[in-house]
Amino acid sequence: MARRMRARAAAGALAAAVAALWAGGAAAAAAPVIENARMLAPHHVLVQLGQPVADLSPGNFRVTEALAPDVAMEVTEVTVRPDGKLWLTLAQTVSPQNHYRLEIHRPRAVREVKPAAWALLLSVVLSASLINNFVFTRYLGLCVFFGVSKRQDTSIGMGITFTVVMVASAMLSWAIYTYVLSPLDLRFLQVLVFIGIVAFLVQLVDTVLKKLNRLLHQKFGIYLMLITTNCIILAVPLLNASANAGPWEALALAVGSGAGFAIALFLMSCAREKAELARVPKSFEGLPIAFALTGLFALAFMGFAGLNPFR
Amino acid sequence: MSTAAVPRPPAPGAGRLLLNGIFAENPVFRLALSLCPAVAVTTTVMNGLILGVAVLVVQVLSSVSVALVRRSIHPRVRIPVYTIIIAVWVSCIDMVLAAFFPTLYAQVGLYVKLIVAFAIIISRLELFASKQPLVPTFFDGLGMGLGFLFALVVIGAFRELLGGGAIAGHALLPHKPLLFFILPAGGFFSIALLMAFFNLVERRLSGGAARRPGGGGGAHG
Amino acid sequence: MNRPTAAPAPRGEGRPLGEILRIAGSVTLYCALGGAILGATYVATNRYQEVARAASEHRSIAQLLRLGPDASVVEIRQYLDPARDQVVYRAAPRGAETGTELTFALSGQLLGRARAGLRGGEAEEGLKPLGRIFVAMQGDSTAGFVIEGETRGYKNVVRFFVALDAAFDILGVRVIEHEEDPGLGAEIATPWFQGQYFGRTAEGASTLDVTKDPMPEDWRAALLELQRLPPAQWRSRYGGLLERESVQPVYAVTGATISSRALTMGVRSTVNRFRYRWSLVSPLLGEKP
């Protein structure tokens, strides 16, 4: 019993010593002048300081947009809030979604102010899957869409297969575009290369699946062939190329578009299964009513326009 | 479109092929192929016309190219090879448009690049160009291309008139009656209505014994 | 699309390996042929693409500023050097091969001035383009400025020209490139929408905003006339309306607020940045080095 208490005391002392050393070390190391900075619409910057700043005149602060670092935005007022944070007021409007640079002259400090990377990527995924859904808003991939969305199980199968192939081909296309086509000024080959990648990947997945898992291949094999003629599979690499996307943005777009297509397929299949049992005018049977249903979905998806959880 | 100057081939005559492409097997309204551009680009007649002409050119060029080299294409890789041929023609047309018709290109650029994935062209190559000699293939490609052009122009006219009150930029109505038709959702509805109309016409013409339009598009992708 | 079925029997008696090699060989051959054709087309058309683009830009500039045939245009290309934290301006009369190069620190201090060539190489130097400024001179006086700007629209990037007169009042805005939805976002590229920027003063431009309120009918009718009448005549007929509306926010396109806002904010920041940068650069460009 006593031994245990002594052990515990020793451990406590050790922990205290380590904590003291760490705190001392942290204090001895230079804390950044600007601990954190955030843009608040419409005109303000909230700055948390790590070290005291003596000169709080507006002239000591410089705020610029990342796209135009030479054009300073006028700082009209600097106030200190009760919690110690600085509240800068700017003459121009700012948006938390843009990229800015905050500088203090004395003491010298520079801080990039931009939305969190994960927030940016999440907004790309949301945009590609809901707001700018490839089927309902950008009308791509319709050919396959109408063929496969008749039944729920085919829809789910196609959705999964498509997302997997989409991500793989988009990333491969991005890599080849960024590291081969762009530097060598061979951008005019992009269509040929992207389609080649898709054909190659589809064959690869088909062969691998056949070897690995016969059952899965029987289930998903047929969808693979259809993917080659799906407009989306070509549109996503083209969009990434024209926007000069980074690897994470390309991935986010691929995931978002695959998810959006899967969602669209699934929703459509639910509706079409019901439509099979309904009384439809003879001229509308088959595709025309499917188009009308798609139109209704497209209308509904318009409600997502302007969705922005990160305002 | 007369067959007078062409020696009669064993395949269906040129006139029949052309009419087939435009009406009986119209790629959009009957075969339900290549719907993406049919909805996307047809907000105005001019847009539909331009893309329709581009597809017509690619279709004819690809059909002719495949017919010329069909004997040297290995069956197991025929789909990738068709795709390569189409991709080459599409990229060439893309570059030519960008160089000589920049304003046009600004509007239809992305969709021209997507022609590569159009099921209509690949399906035609698979069904016809790889099996038939050069001349009938040319007319089949021409017919299909014209049918597609016709479909795009009709849809474009429908949407531009109802949604924008104009045709080919010339305002016919003082205001926009139903802006809805220019939106993507409206595009889907327009095609639904026009397809149903074509079905109705087909049924009346063939005395009620018409077949349903091609397999929901799945068979042809 | 028809699923490619397995070939009925491999052609010839070849071993599987020979078969695969033959297939791979033929596909590679097609790819190579295709690549060659594309390469040739690219080489043939690339020059025309550049020429076509430059010609259409010059037409836009001449129209926006209503330049006479004897006007001359100086093109200034602005670059950011992120590695050295500098801004570089390269100015030359249109068509000239060499011009003046000015280098500034981000604080606005002049670092260097030289005669420099204009042709390319910016990417290798690590320079990021910030857009171009076109200064038009008619005779001895400045006819106006056209500044190239870029903003993120609803779908993709929107590129536009802003035209200012010598007093920095807006003469016009023209959207050069966009991918917005036809009938909705694409309406920002129409003359009637772009006409809303006409006549705004520089101060008004620096505080531009957008409203969702509907545009008054009389103003809409006046804007539609803006294309057809010469500016002086339009001003005399609609001067009162212009006075009333040029202090109002820009009226957004119904159903396309995001695109309208993007263009308006883009015009606003482009004008602000231009005025600062021009104040740095103009005294130095007038003098011959």
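When the chains are written out, they are named A, B and C in that same order, and each has its own residue count from 1.
Keep this in mind: a residue touches a chain if its C-beta (ideal position, glycine included) is under 8 Å from a C-beta of that chain, and two chains touch if they have at least 3 such contacts.
These figures come from a predicted structure and were not determined experimentally.
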| item | value |
| --- | --- |
| Chain pair showing more contacts of the two, A-B and B-C | A-B |
| Per Cα centroids, the chain farthest from chain A | B |
| Where chain A and chain C are represented by their mean Cα positions, the distance between them in whole Å | 27 |
| Distance from chain B to chain A - Cα centre to Cα centre, in angstrom | 35 |
| Rounded Å distance, chain B centre to chain C centre (Cα mean) | 33 |
| Touching two or more other chains - residues of chain B | 79-80, 84, 87-88, 91, 95, 110, 119, 122, 183-184, 219-221 |
| Residues of chain C touching at least two other chains | 1, 4, 31, 34, 38, 41-42 |
| In chain A, residues with contacts to at least two other chains | 188-189, 192, 196, 226, 228-229, 242 |
| Touch list for chain C against partner chain A, complex | 1, 3-4, 31, 34-35, 38, 41-42, 80, 85, 87, 104, 106, 108, 130, 155-157, 257-258, 269, 272-273, 276-277 |
| Chain B-facing residues of chain C, complex | 1-2, 4, 6-8, 11, 22-23, 26-27, 30-31, 33-34, 37-38, 41-42, 45-46, 48-49, 52-53, 56, 177, 179, 181-184, 255 |
| Chain A to chain C touching residues, read off their complex | 64-65, 67-71, 92, 132, 188-189, 192, 196, 222, 225-226, 228-229, 242-243, 305-306 |
| For the chain B and chain C complex, residues of the former touching the latter | 43-44, 47, 72-81, 84-85, 87-88, 91-92, 95-96, 98-100, 102-103, 106, 110, 119, 122-123, 126-127, 163-164, 179, 182-184, 219-221 |
| Residues on chain A engaged by chain B in the complex (per definition of touch) | 136-144, 146-148, 150, 188-189, 191-192, 195-196, 199, 226, 228-231, 233-235, 238-239, 242, 281-292, 294-296, 298-299, 302 |
